[in-house]
Amino acid sequence: MSNTFGSFLKVTTFGESHGGAVGAVIDGFPPQIPLSEEMIQVQLDRRRPGQNSISTPRNESDTVKIISGVENGITLGTPITLVVENRDKRPGDYCAETKVPRPSHADYTYLMKYGVKASSGGGRASARETVGRVAAGAAAEIFLRDRFGVEIVGFVSSVGNISAQISDMSYITRSIVDENPVRCPDSHIAELMEALIHEVKEEGDSIGGIVTCVCKNVPAGWGEPVFYKLEAALGAAMLSIPAVKGFEIGSGFEGAAMRGSEHNDLFVKKNHGDKAILGTLTNRSGGVLGGISNGEPICFRTAFKPAATISKEQITADYQGNETVLKSTGRHDPCVVHRAVPVVESMTALVLADTALMQMARRG
Amino acid sequence: MSNTFGSFLKVTTFGESHGGAVGAVIDGFPPQIPLSEEMIQVQLDRRRPGQNSISTPRNESDTVKIISGVENGITLGTPITLVVENRDKRPGDYCAETKVPRPSHADYTYLMKYGVKASSGGGRASARETVGRVAAGAAAEIFLRDRFGVEIVGFVSSVGNISAQISDMSYITRSIVDENPVRCPDSHIAELMEALIHEVKEEGDSIGGIVTCVCKNVPAGWGEPVFYKLEAALGAAMLSIPAVKGFEIGSGFEGAAMRGSEHNDLFVKKNHGDKAILGTLTNRSGGVLGGISNGEPICFRTAFKPAATISKEQITADYQGNETVLKSTGRHDPCVVHRAVPVVESMTALVLADTALMQMARRG
Amino acid sequence: MSNTFGSFLKVTTFGESHGGAVGAVIDGFPPQIPLSEEMIQVQLDRRRPGQNSISTPRNESDTVKIISGVENGITLGTPITLVVENRDKRPGDYCAETKVPRPSHADYTYLMKYGVKASSGGGRASARETVGRVAAGAAAEIFLRDRFGVEIVGFVSSVGNISAQISDMSYITRSIVDENPVRCPDSHIAELMEALIHEVKEEGDSIGGIVTCVCKNVPAGWGEPVFYKLEAALGAAMLSIPAVKGFEIGSGFEGAAMRGSEHNDLFVKKNHGDKAILGTLTNRSGGVLGGISNGEPICFRTAFKPAATISKEQITADYQGNETVLKSTGRHDPCVVHRAVPVVESMTALVLADTALMQMARRG
Amino acid sequence: MSNTFGSFLKVTTFGESHGGAVGAVIDGFPPQIPLSEEMIQVQLDRRRPGQNSISTPRNESDTVKIISGVENGITLGTPITLVVENRDKRPGDYCAETKVPRPSHADYTYLMKYGVKASSGGGRASARETVGRVAAGAAAEIFLRDRFGVEIVGFVSSVGNISAQISDMSYITRSIVDENPVRCPDSHIAELMEALIHEVKEEGDSIGGIVTCVCKNVPAGWGEPVFYKLEAALGAAMLSIPAVKGFEIGSGFEGAAMRGSEHNDLFVKKNHGDKAILGTLTNRSGGVLGGISNGEPICFRTAFKPAATISKEQITADYQGNETVLKSTGRHDPCVVHRAVPVVESMTALVLADTALMQMARRG
């Protein structure tokens, strides 16, 4: 009952990993915004499998079609329907698994919830569902950039226990992020990460990681107290992405160890174009105060567990509880975080666009 | 536009810290559940200020009144209105602050959002708003216990850089948690935490911390794919609490450093009463797979920044951007995490009750 | 699960007829709008019982208190809580009815729905619940007038089979409507209606009627396709008022008997201040095309059944199905439509304000 | 922002009349319900144009494809996506109309709302949007029949000023309704209606009408006080259908002229299978008391204005306000009510299924 995201900008995703198509319907998208399939395709290409040696060899072209809501390259204000056909279906790959719930997958819980489950693959729990999110989020980003100049950039900051320390995020752009396949803007660390991913792949194993995201030029005033605080909305958005186990904004868990006198962000006059505005000397708040954007960059981190599908043998139980050995033969990713970057950016865009519309409603 | 929480069990909180009253309206609460003011009062007493030497000396009795939805000690199915009068108002305490936005408070962002702000205190951004949440959550807990035997226990696991390592959470109950004022079930660590809080208080400073929460007896099948996954709903609930900067479930951020082969929770037959069910050997998932409860305990951690109000002088700027020295004289908490425990529990109860109703709707 | 009305401007009403208080929480009300208890009281006074000889003798002063969301006479953007205490409770009046479901009341269906019901009066099904709606709607009206100059005027157009034919509604104001107790702007017809109500009252019976409502100065563009069309939202609002059995907009049921060539509203240039705009020669559409306001007055009619509570004996069945004679002794209204006028206006205001915010969100 | 209908069973329709496809995504549909394309196709065939001589000659086969949410003929609990391709597009037919807003169509209001409009046809305001509703509603009906035995039957009760008086609706089934092309169960009146429609068609005109709907076997207890009363939800559903101008339930507008003593439905013991239950002697309430179903048949009427598209010349204004003569050449229906029957039934099914889920959530 919750395949729709957002209150004002509402996105409903649909489709299963092994059905005919996946996609999204966007309701509430503002009219008169330039939008084309090409503009959306860019982010889908960054998400798609088979991009390079560290991704799954499944090769899905993931070509988006806009089938409603846009005419002559301009949004009409009516629902935008985005459809991506599933081309590279190989249900046979997954057959062996139907008698054994895959460890740390959703097979068991879907069955407990619905009393029935899709015969192959992860159904709606598959990461393929995120195609619809990325397509919709790419459209939301265009609105945010067009109207407010908002820039959203995600990047990989950790793979396993290899972490990049990025002290200054102001210079990071998507093209810098895309300079290496891992999508870590520190090229030296990126090489180490890539080597680790290859090592893990050789072992038939998988590895987790962290995606950091920064949003620039978000005006002060977005985010809705009390229950739709910006951090709550962003947290829910990130934690709804498959494999995510943690979210922190600004100082995050480190902030819990600090004193108020070292944590508080002191106010100071700043120049914004030719206008003086209030800013903060530090940004431990991560751009959000009381759930509302304060004009500073919004920074947060999202933790991804290692992908649950591995080729290594696992001693687990079948649905009847009998011990069994599971060895997955389907194609899979040794590490998903570099492909998760556009998913994080897209979910961020959906949250920001939703709160933008709410604030537009209020102030007119 | 977001003072209501939940989709099926909907809670609307109202009131400002220095207005006449705070409270909540609960819509969708199931009928025929025994409910009384006394049952709710227990959790409000655990939240209220002035409980002990490590809390603010503000002494609010916070007595709840049920003014609709319950008759003869039984819920009617109609909206339950819970009201707590504000007794200990001292608006004068806060006057000096009206010209200077308090660092890391919401004064500035409320003004940017609404173009106007409450003259004193934090308005809706004040932690006093959580009175309504605790009252409503206490009621939700009663429903969960009554119908499903669910137990929710929160406790303080870190204050500053003092952390308790609790490997076995199965024995922890609320009465164990309440044995010391810090609400940390490791009594030795609790003493160290208490000492730190006193030290910080002496300095006119504040300190952050972490609340861990465990939910037992949650049946498999709760939580709604795709966007209302249990972890997303819990994360949003926690991140909507004032001062929260991070949330992690199960392995959390540590999981991001692990390999799939060490992270996956292998299935095994378990005895549940006289019935054999599937369980997992480990619980790195934190009781949730694909957004749906799997029958194992649900475990998560919530990071609180240090309270922004401190007595120490801060060099900051007024609304015009002029440098100024701010020294807060209002009463405040050096550490909020022990008082946050019932808030965490209550928001957890609201999430679980909401997902319980959703699942009841589906399976009948 | 549906005590909240609206999507952007959300109103939650609470309270039972014989509990401590009734009221409403308004979420999403725009900031910086002048609002006072006096401004809201005006409409509550028009709704309250005991106004005159054709209303119930119950004399409730229905004094509203604003307990949050307004400071210094200005809205803060935070939830506005409006509370009206129940003063004139006489539960004893209703005792006899607890064993017999009152015909055409909700006693039986509440019991079937919830498995339990309030011991006296109608609980949430009582028309007393509309106090919260009127208070909230009065506030919404002030926003609509302040920002857009919208005027909403309701009046009684039928009582029983006595109907007023009002061909020109442009001159009708609230003060004209209030010139007689029936609230029918045709004073001659109003006298006949008043006489009929007295006759019905003498008989211990009740009588139905129709309220017409006209909204002026609604800008073109409000109302949301596809499912929140203005007529759908207004219809739902009216049909949620106790005792309403029908709703029609513009030509309504008469329109179903017409041909397209006589029904279509032809466009024509009109002067609007110093600007030429498109208007229509006729207004069979009732100010709405495709669910969106077209700039013409919005006109609709709401049918109220006769109040179900009558003093006449009724041969009916008790909860066990045994035939019984019911004779109500509680105080009641022989006709409710004149008191329903502010309820209709208030629900209209809630719909229009909600759609106004939606359109503001879209166009910025 | 309102292309989604329902709270628990949520239906999002998408597509424009002249885009690639129309359809719907159903979220919250219960799992384990048998569902196939054939079962849905039946209602689409009853809605489609070109069925017979009284419909538009546009011949769209309207073949539905289920692209997600169903496997092996059983629903999975995940979103069901239903797609119908648009085959018979002739945008050229509508070109002349782009400079002139068609009278009583939504061209003008869409432009005022969005600042842009689809170049041809009615876009989302076109009745073609109802394809998605019928497909989704057909699925909802199958759930209602499968779990509760609910039967929903709509029929034409008026065309222009020819009306059928149907005193006993208990015998009416869909096959009886479909015995004649007008879908009026009184075959004699149906012939008169058919003749009138042919006459109107000859004149290049259109004619309005009324659809009556009856729902049998709805259990007592469905419908949510206060704002989602069954009559409010049904009213909103009906008034969201293109061309609808009025809705009444039970006694409706006639009830407004009655006295309480003649209107009240007296309770009486009734046999329901081998169980005695409370029923009512009469059914002026239309099966609903206080917004909740009472176990009696739910009966309501929906008024459709004459279709706005006519071939007759109309003297109207272009977008600049200049007088112009409009003569429509596109294919159109002289009367839509017989094709509206499955639309009314489908929207009814969506409302009933939504309230069924709500009640299942409450009582478990």
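When the chains are written out, they are named A, B, C and D in that same order, and each has its own residue count from 1.
Simple rule for what comes next: a residue touches a chain if its C-beta (ideal position, glycine included) is under 8 Å from a C-beta of that chain, and two chains touch if they have at least 3 such contacts.
In this text the structure is predicted, and so the values were computed from the model without any measurement.
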| item | value |
| --- | --- |
| Most widely separated chain from subunit D, with each centre as the mean of CA atoms | B |
| Contact-richer chain pair (by C-beta pairs counted) among C-D and B-C | C-D |
| Where subunit A and subunit C are represented by their mean Cα positions, the distance between them in whole Å | 46 |
| Distance from subunit D to subunit C - Cα centre to Cα centre, in angstrom | 26 |
| For subunit B paired with subunit C, centre-to-centre distance based on mean C-alpha positions, whole Å | 39 |
| Interface hub residues of subunit B, defined as touching at least two other chains | 1-4, 7-8, 13, 28, 31, 77-78, 110, 113-115, 124, 225, 358, 361-363 |
| Subunit C contact footprint on subunit A (complex, rising order) | 7-8, 28, 30-31, 77-78, 147, 225, 357-358, 360-364 |
| Residues of subunit C defined as touching subunit D within the complex | 1-5, 7, 13, 101, 103-106, 108-110, 112-115, 122, 124-125, 129, 158, 160-161, 200, 203, 205-210, 220-229, 231-240, 242, 244-253, 255-261, 263-269, 276-278, 280, 284-286, 288-295, 303-310, 312, 314-317, 319, 321-323, 358-359, 361-363 |
| Touching residues (chain side subunit D, partner subunit A) in the complex | 1-4, 8-10, 12-16, 19-22, 25, 27-28, 31-32, 65, 67-69, 71-72, 74-79, 81, 110, 113-119, 123-124 |
